[in-house]
Amino acid sequence: MTGSAALGGQIMKMISAIIKPFKLDEVREALAELGIEGMTVVDVKGFGRQRGHTELYRGAEYQVDFIPKIKLEIATRSENTQRVVDAITEIASTGKIGDGKIFVYDLEQIVRIRTGELDEEAI
Amino acid sequence: MTGSAALGGQIMKMISAIIKPFKLDEVREALAELGIEGMTVVDVKGFGRQRGHTELYRGAEYQVDFIPKIKLEIATRSENTQRVVDAITEIASTGKIGDGKIFVYDLEQIVRIRTGELDEEAI
Amino acid sequence: MTGSAALGGQIMKMISAIIKPFKLDEVREALAELGIEGMTVVDVKGFGRQRGHTELYRGAEYQVDFIPKIKLEIATRSENTQRVVDAITEIASTGKIGDGKIFVYDLEQIVRIRTGELDEEAI
Amino acid sequence: MENTVIELQFSLNTFYFLVSGILVMWMAAGFAMLEAGLVRSKNTTEILTKNIALYAIACTMFLLVGYNIMYVDNVEGGVVPNFGALIGSAAADADHALESDFFFQVVFVATAMSIVSGAVAERMKLWAFLLFTVVLTGLIYPIEGYWTWGAGFLSELGFVDFAGSAIVHGAGAAAALAGVLLLGARKGKYGKNGEIYPIPGSNLPLATLGTFILWMGWFGFNGGSQLFLADKSNAIAVSQIMVNTNAAAAAGAIAALVVCKLMWKKADLTMILNGALAGLVTITAEPASPTPILACILGMLGGSLVVFSIVALDKLRIDDPVGAISVHGVCGALGIMMVPFSNSDASFATQAIGLVTILGFVFIASYIVWGMIKTLMGIRVGEEEELSGMDQHDCGIDAYPEFVTIRNK
Amino acid sequence: MENTVIELQFSLNTFYFLVSGILVMWMAAGFAMLEAGLVRSKNTTEILTKNIALYAIACTMFLLVGYNIMYVDNVEGGVVPNFGALIGSAAADADHALESDFFFQVVFVATAMSIVSGAVAERMKLWAFLLFTVVLTGLIYPIEGYWTWGAGFLSELGFVDFAGSAIVHGAGAAAALAGVLLLGARKGKYGKNGEIYPIPGSNLPLATLGTFILWMGWFGFNGGSQLFLADKSNAIAVSQIMVNTNAAAAAGAIAALVVCKLMWKKADLTMILNGALAGLVTITAEPASPTPILACILGMLGGSLVVFSIVALDKLRIDDPVGAISVHGVCGALGIMMVPFSNSDASFATQAIGLVTILGFVFIASYIVWGMIKTLMGIRVGEEEELSGMDQHDCGIDAYPEFVTIRNK
Amino acid sequence: MENTVIELQFSLNTFYFLVSGILVMWMAAGFAMLEAGLVRSKNTTEILTKNIALYAIACTMFLLVGYNIMYVDNVEGGVVPNFGALIGSAAADADHALESDFFFQVVFVATAMSIVSGAVAERMKLWAFLLFTVVLTGLIYPIEGYWTWGAGFLSELGFVDFAGSAIVHGAGAAAALAGVLLLGARKGKYGKNGEIYPIPGSNLPLATLGTFILWMGWFGFNGGSQLFLADKSNAIAVSQIMVNTNAAAAAGAIAALVVCKLMWKKADLTMILNGALAGLVTITAEPASPTPILACILGMLGGSLVVFSIVALDKLRIDDPVGAISVHGVCGALGIMMVPFSNSDASFATQAIGLVTILGFVFIASYIVWGMIKTLMGIRVGEEEELSGMDQHDCGIDAYPEFVTIRNK
């Protein structure tokens, strides 16, 4: 984290984590224990150090560049960020290449559609 | 980057809204009336207060944690943010749990790929 | 935005590009030449100036509002941003409507799950 | 040796019934695939469940009472059948096994019921539907079937419906229409200001497979309805039926293709599928006497008519997700009224009387039964179930649980 | 003309064998679709590969040695067959072509093997599986088949298994069980604390199609097993078999539907599919002698039992992704033990002896063979391959490469 | 009673034609599923549309003129047929119904045309394709078919092509090749520097189902081509054909599996499917005279050859998305040239002459017709249509509109 949080920063962060698909259930459970009560997931494909694999189709081998991953998005208060990031890092890590990455963004505003509640109340 | 950043805030925001899938058409129409001329949607699954449902397969009941939702991403000028957020909040709300959330981010830059136009021209 | 922008902004950016699906391979190759070693892609649907098309089903024509696109997400150091944006703009452009857009965000933090490395090391 | 020749004839006829029956049974799979392809993915498990359950129930009910009501110990030329159970016993001079006849007939009743499931898809409660299945296959169909095929009053009148354009297909469509009227359209199908929103089916390869299966099965449906194969003239008749059946289906598909191209500049696959089926339904009333060229013409009439009928029913806000009422009802009626052009034993008047009698009876009887079920337990799923899909509500499982779908369609 | 009558009878019988054989061959497609629908999409290409390869291998092995072992030049009432190659030569007074008999029998052995592929799906190495296929179809099945159908000691004892509830279905299930025990459950199927996690199949329309195909093919399976059509009494017998087969399947589906509704308030489609198949397996031991009502009852017993069996095996941590052991093994045994209720030639004691002998032999022989293969080359794919799916590892290509799937399921 | 025996024989033969015809008709569904599974999802609706439309057009054209050109009132040993319409009239001493013969033959012509649709998939304009269908099925196929099966000059020469390795399969492949050469490869198939990019099919379960359907239908295709069943020797011949057909297909699948494993260490499912079909095409030229072991060997040759052929055509930049030219053309030629090994009536020279004549004629005639259509209206869709998929352009609807797909593949 940068010093900006101390400088006032946003009070809410969006944590976006790319993980291996089969780790989803474990991560979800670990976050539930931290009190995280909401998240959004989406199927993505990606590559990084892990470079895909070859597939075979009708006698031609070819590179599939993108490997299936899952992206989690968790909006949370700034002060939780470190704990969430640590939990994901711990649980989603297999030590093998392709474990994924976590990206943290500032969030300007959150609105709960049902009630119109704002920001921290809306998390 | 434009000079406006120096004035303390981005002049463009990205509004990311998680809504119930069947609300998509209505929301799109409402935003069109506000003059919103572009958006990107993606299928996601999520949970929050609404905790999934049980499914049955071969005699075993099990929890499906994630409920299908749709995520809308709308880049717009800062001054429109409130109107867009209000419109989505109004239209996408059913008053029932699981209506979704809206997240607002700062946007540093927008580029229209076709023309290379920047920022406000590119929205 | 936080004061840090005044101090020169975040040292990492997230570049999110909406492109035409069939441009993916070319863009990926161009970015590889720039030394970009990781990215995440997801299928999205969107509209902007390009307004969808009509489909026909059982005698009823109807508007399909959303056109399939691909969203690329590339985390990179700030100083690379311009080069990446330029490369995508160049390669993904067909000059026809619907070529897509690039959005640039500040990134607070990056974590490599496998090693726990942070920020620039984690890219 | 004479005995052996007669026994061989008996065996060959029986085998012909059995093979035809197997082909008609296969149509159950055809309807299941067609309907599974033309509904949205969130309702696919449920429609599959309905299709296999209705086939099972239809076979069981027809065994328990239906066959007896339709065929056993009835008065010739009568209206009210003799009610009884099981399949009776064989005549001494029968030229095929009684059981093979039952096997052939039992799969017809399932066909009639399969037609209903498509029209009421995506909103009809599973258990209400199954309850209706019991009554249609155990009672309504056998009674009207008796009137013509069981030597009842319509057959005495000279009404001709060779393989069931009205008795099977029309009846299914009439029952479906009654259900649809009581049920209403799917949510999101019609806008407040009269807009019609198409709701595309989720899996067109399945729908196409279903159509091919039905086309194949129809060779048993029509071919078997000659009821005798083992001499020269009958063998030729069965062959003519096959040729005509195929010709009408082909012409129906072509006609639908051309109509679509002319009207919308596109080849609407689901219309072409319906066009082939429309050709089949049209020829079913009399596949034996037309020349192949007439069969083509009948098929083309059916295949064109069905396109307009589907569009018209949509305008009338009769929401039929798979086009069953148009294919089986409208083209069934067309087929019945075309019979006198090739078969001089039939007259337009008796054809019309037969048609109205059968469709009217089935419609009214079905309307009453649907109405009773509606009062008893409701026939439509709740709004929330409809929006989130019937699969989760009725069956507890999605059809394609791993695949990501655009849920708002 | 007598000669011609006999020749006609020969031709008709032969044709009946061929048509039945074609229908049984079609069951290979049924198993392939059923299993492809009930596994996860990441293992779908592999299960399809197994299914087509096992059919090809079974046909080839049975041609090379299996048919000879099972049927040619064996001692009556014996235990050890006479080993030889190819299909022998026709008897002078044969009433059908030898080749048509082979054609009919060869597709049975493929059925037995298809049962195995479902139970060991999603974790068994492709090449280990194919190696086992060679042994089962070339050796194990022909030997136990000889005991009853090749006039071996079980047939002398009076054991009755008309179309193979034990010989085909039970045997397949026994071989499958041996494999599953050595293989263990799929990763993620059972939790550390005894939790059972369902792993839903990825494509229920395919599974339903597969069931309809099997249902259709079963008319050849059971109907053809009468082995003679071309006289009156046999023609009637074949017809009865068809009616009973259909009735048992229908009743099985209904029973499973009702049991599911009572137990879980939902209509679990995959259970209904298994229920129909369970009814078919149950009637297969004796489809000729029951009345249709008894056939319904047998089907209902099978269709109910299979639901409880699937749940029970799951509790025992015997992981069978498609329910093959319950459908073919448990209901096969049920069918065998029900024979004496309709067929007075059979006794409970001999039925039990036959059942235990066949299943025991196949289980033990299979266990040894699986065990040897395990030592030789391993039978289970590595953890990483299992997690990322067998398609990429064994086949190099996904089944639905363009579709986005939730991979963690 | 003599009369009755003759009538029974007539009936049985007729029934055999009809059942065989139904099985061959079913192959239309097989091609549709195979091709729908091997193209990308964005072109799936269009290929389904082509398949059902071509079947309909083929049946209609063959009824209107094709059958007459091929079979009616032609000079024996001639080259130019007698042009006429409809199906003529039956001979007094016919041993089966003329209509049943037509029914059997009409589905063959559809098969020939189905082969073309696969090879030109994903880029050929729908209406150009349908126009070509009219000409091939109404003119080109009947003319070359007359040369051998209509007692034309090739039959007089002693050319043997039992069920159509060249006449049906080779012809289809020759027409396809002509089309592909004029059409060019799919965009993205070949790179600027000679790279070959695979374009995986979108739905392998469908492709597998299609293969099983074709395998099943082939029993009608080859089995029916004996043209007589109702005496002992013919019944045995038909049985042998069935056994050989099945054996060749099985061996073809195994051979392809082994070749793939040796070359790429993986079991490439689509190659195995092609291997089974290759075995079938290879045996089709002469399924009656080989021993089953020879049938296995022929199947293995076909199944191995097809793998190399597919790879070689790809290197030659002949882009055939489903491998139709290799399966039907290359293996069809192989089958023709293998005939003399089992059938002493055939010589390598006449086989070569027949093969070159048929394939040459069809290729040249097709090239001219494709060329004319290209000038007239173009045969290839625009670049944009190809990129966004033909479904939207030609048919107006996606095959799987609810499912999310990775569109760039």
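Chains here go by letter, A, B, C, D, E and F, matching the order in which they are written, and residues are numbered from 1 within each.
One rule holds in what follows: a residue touches a chain if its C-beta (ideal position, glycine included) is under 8 Å from a C-beta of that chain, and two chains touch if they have at least 3 such contacts.
Labels paired with UniProt names: D, E, F = Ammonium transporter.
The structure presented is a predicted model; accordingly, all values stated were derived computationally and were not measured.
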Which chains make contact with chain E (Ammonium transporter) and with chain F (Ammonium transporter) at once?
A, D
Trace the shortest sequence of touching chains from chain B to chain F (Ammonium transporter) and report its length in steps.
2
Among C-F, A-F or B-E, where does the B-D interface recur, judging by over half of the contact pairs matching in residue number?
C-F
Distance from the CA centroid of chain D (Ammonium transporter) to that of chain E (Ammonium transporter), rounded to the nearest Å?
32
Can you check how far apart chain B and chain C are, centre to centre, with Cα atoms defining each centre and the answer in Å?
17
In whole angstrom, how far does the Cα centroid of chain A sit from the Cα centroid of chain D (Ammonium transporter)?
52
Interface hub residues of chain A, defined as touching at least two other chains:
42-43, 45, 55-57, 61, 105-106
Considering chain D (Ammonium transporter) alone, which of its residues make contact with at least two other chains?
1, 5, 8, 12, 15, 19, 200, 203, 209, 264, 266, 268, 270, 395-398, 400-401, 403-407
Pairs of chains in contact (touch as defined earlier), listed by label:
A-B, A-C, A-E, A-F, B-C, B-D, B-E, C-D, C-F, D-E, D-F, E-F
Seen from chain C, its contact residues with chain B in the complex are 1, 5-6, 9, 13, 17-19, 42-49, 65-66, 69, 71, 81, 85, 88-89, 92-106
The residues of chain B that touch chain D (Ammonium transporter) in their complex are 21-25, 43, 53-57, 61, 68, 70
Chain C-facing residues of chain F (Ammonium transporter), complex
188, 387, 392, 395-398, 401, 404-408
Parts of chain D (Ammonium transporter) lying in touch with chain E (Ammonium transporter), wherever the complex brings them together:
1, 4-5, 7-8, 10-12, 14-15, 17-19, 21-22, 25-26, 28-29, 32-33, 36-37, 44-45, 48-49, 51-53, 55-57, 59-60, 63, 86-87, 90, 96-100, 102-103, 106, 126-127, 203, 206, 209, 394-404
Provide the residue numbers of chain E (Ammonium transporter) that touch chain D (Ammonium transporter) in the complex, in ascending order.
1-2, 5, 8-9, 12, 15-16, 19, 23, 40-41, 200-205, 208-209, 211-213, 215-216, 219, 223, 229-232, 234-236, 238-240, 242-243, 246-247, 249-254, 257, 261, 264, 266-270, 272-273, 276, 292-293, 296, 400, 403-407, 409
